[in-house]
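Each of the next two complexes has subunit A plus one other chain: subunit B in the first, subunit C in the second.
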Partner chain A sequence: MTTLSVTINGRTYGPTEVRDALTMNDYLREYLGLTGTKFGCGAAQCLSCAVIVDNPDGTSYTSPTCIVPAASFNGKSIRTVEGHAKNGELSTLQKAFIDHFAFQCGYCTAGFLNESQALLERLARKRVPRAALEKTIAEALDGHLCRCTGYFKYHEAVRDVILADPQRYLV
Partner chain B sequence: MRLKLRAKILSAVAALLAIAMTAPAVSDEAADNLAAPESFAAVADTAARSAALFTEAGKVLTHPRCVNCHPAGDRPRQGDARRLHQPPVERGEDGFGLPAMRCPICHQAANFEPAGVPGNPGWHLAPHEMAWEGKTLAQICAQIKDPARNGGRSLEDVVHHVAEDHLVGWAWAPGGDRRPAPGTQARAGALLDAWVKTGAVCPN
Partner chain C sequence: MIFRYGLWPAALDLWRIASNDPRAAQWEAAHWKDGQLIAPGLTPLPLPQIAARTHTRNGVTGAMAHGFNRWAWSQATFAIDGQNWTADIDALALRRGVGKFVRLDRTNVKFPPTDYSRSGPTYTAQCGTLVRIEIDRATGALRIAKGYSVLECGNALVPQVVIGQAQGGFAMGVGYALLESLPLYEDGPGNGKWTLGQYVVARGSYLPLRDLEIEMLPAVDANERPKGMAEVVMIPVVAALVNAIFDATGHRFRALPVTQEMIKGVLT
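Then we have the complex of A and B:
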């Protein structure tokens, strides 16, 4: 057993004693009822389970949760799909996903949303030339699987958000 | 007469079964073992002994536990079948993956067997110039001796890397149902040390 304390969407959970074999996905969904984070392939191959991990230095990255022990998140701060909207207002990215009809069944959406948000934050810290944008988006979303084939619509939605604020994201 | 025939048949079947059961075991043992450097003392010619030592160490260097992370392309391999890594990760600029998919995000400090994910604090790919996949042992040998293709290492550094590196050492204790590299890390290091001290001759 390991003691787990983790901040999720700004709220601290724990300390809680968890099994060493418990995955973060099970912790989120079964312990906390945060079912917005999906369980897909169980092998980090679809990334529907991805969440955002916030580093103390302000940087962030995404992590799958289905193959990663919950205990490894001890002391960390993460964001899940439940944390994007503020006071009932969808984020710019969420609105862009809707505007582009980017998802159908929605099972992959939480993962795409977190990955896209992490990309925006990465670009805000290190902007890229417009010529490199398509490749940058494609590489960021590359590992995420969508069986409804919404790839291009997700791509367009992210691109629109970036192009709407070029000074922030582009060189 | 019938009883004698039955006894002969039973004896033959038993012998066949014994061969069938022991043959693979002998074969596996040969593949999993690594001879000690001393066992090459009988090779009188120093150059030939040196090449033989490297050939023995080559059992490790060409083993999937090693080659899978010394891939020819930008994607690591997995398993004894050396299939492409799933999910489709890439080496990135520093060998630790692309910005959106870094190796240590999934590969934690230790194996996480409930999900079958191997782990080590330094999990990453060998640089592109150190790719071994698809190469002959002679090619790997020449590569290992070339600082431009061995990470800027001296031969002593190479020996130290194989004998002491923590990530390299994972290959001998991979956990789960993964097949370890042959022998031990210490013996692999000793073989390469003996190879260096005998002139670091490459096999043909």
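Then we have the complex of A and C:
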């Protein structure tokens, strides 16, 4: 057993005792009822389970949760799909996903949302030239699997958000 | 079509029967036997001889038709060699000699009433796909430079979802044609140990993310009800890809998936 304290969407959970073998995905879904994070392939190959991990220095990265022990998130601060909307207002990216009909069954959506949000924040910190944008989006999202809309609309949505605010994201 | 407007007129030519001779209209009395055309009271003619004459007189040597069925067939009239020909098809293209196929204008087009759908049979959407691919000679790596799918699904309830399904179907078709292998027996996915590492499906990087065009045709008629289109948008993608690989390499693959290794193996 390990003691786990973790900040999720700005709220601190724990300290609580968890089994060493408990995955972060089970912790989120079964212990906390945060079922927006999905369990997909169970092998970190589809990334429907990905969450955002925020570093103390303001940078962030995404991590799968399905094969990662909950204990390894001890002391960390993460964001899940439940944390994007503020006071019932969807984020710009969430609205873009909806406007573009980016998802249909929705199973991959939380993962795509977290990955794309992390990308936006990374670009806001370090902008890229317009010419590099397509490759940047493609590489950022390539780890995520989608079997309904075949990626096209996700990519369009992310591209639109970036191009709507070029001073923020582009050199 | 090829017999009636290609071979039969050529045979009449060989028999020296004029077009106003009553025998010229008796094509239905003729039949084939041992590669020869037999007609009552006339010398049997071998197919190669008739075919050669068909080519020299620029007769019909190829025909492509499109039909549509909803308890009854669509129907249309086509003008061929000065005659009106009506049949249970709604599109016709002919090739003469070694020329290109030319689509014929149609008149008196009739589609069976939409109400006939109530007779029980269900219909799915129609879909066709074209792809442009590039194959790296050294590695056999295939890149889809452009894709185009065209479909008719009746009156689309939510067009954005139709487009999304068509895009997703394209992605699935790419996986089916190039990546996804599900072998039988102990080593296959049935052993319960497979992950997406073995069962490789299409990721964004396999797709023409900025160069896929989906054209949604208007419904065949105004009362056309919506038709299922979730699977059909995947099927022609596979044929388009394998045909494109044949165009590029000259090799006709007979099993799926056609992997990079397999393509590399047939490149000279």
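Brief remarks on what is shown
Going forward, the second predicted complex is superposed on the first by the 169 of 171 C-alpha atoms of A that agree within 3 Å, B and C clash if a C-alpha of one lies under 4 Å from a C-alpha of the other, contacts with A are read in each partner's own complex, and residues count from 1 in each chain.
Just so it is clear, contacts are C-beta pairs under 8 Å (C-beta built on N, C-alpha and C of every residue); 3 or more make two chains touch, one makes a residue touch a chain.
The structure displayed is predicted, hence computed values, not measured ones.
With both structures placed on the common chain, the touch criterion links A:43 to subunit B and to subunit C. Contacts of A:104 after superposition: subunit C is touched, whereas subunit B is not reached. By the touch criterion defined above, A:148 reaches subunit C but does not reach subunit B. With both structures placed on the common chain, the touch criterion links A:120 to neither subunit B nor subunit C. In the overlay built on the shared chain, the residue A:70 is in contact with neither subunit B nor subunit C. Contact with neither subunit B nor subunit C is seen for A:158 once the two complexes are overlaid on the shared chain. Looking at the shared chain after the overlay, A:8 reaches neither subunit B nor subunit C. In the superposition on chain A, contact of A:133 is made with neither subunit B nor subunit C.
Residue contacts after overlaying the shared chain place A:18 against neither subunit B nor subunit C.
According to the touch criterion, the shared surface of subunit A, contacted by subunit B in one complex and subunit C in the other, consists of residues 42-43, 45-46, 141-143.
Per the touch definition, subunit C reaches subunit A in the complex via residues 158, 160-161, 163-165, 167-172, 195-197, 201-205, 207, 209-210, 212.
For subunit A in complex with subunit B, the residues that touch the partner chain are 21, 23, 42-47, 61-64, 66-69, 72, 115, 118-119, 122, 139-143. Interface residues of subunit A, counted against subunit C in their complex, comprise 41-43, 45-46, 101, 104, 134, 138, 141-153, 155.
Listed in rising order, the residues of subunit B touching subunit A in the complex are 86-89, 98-102, 105-106, 108, 112-117.
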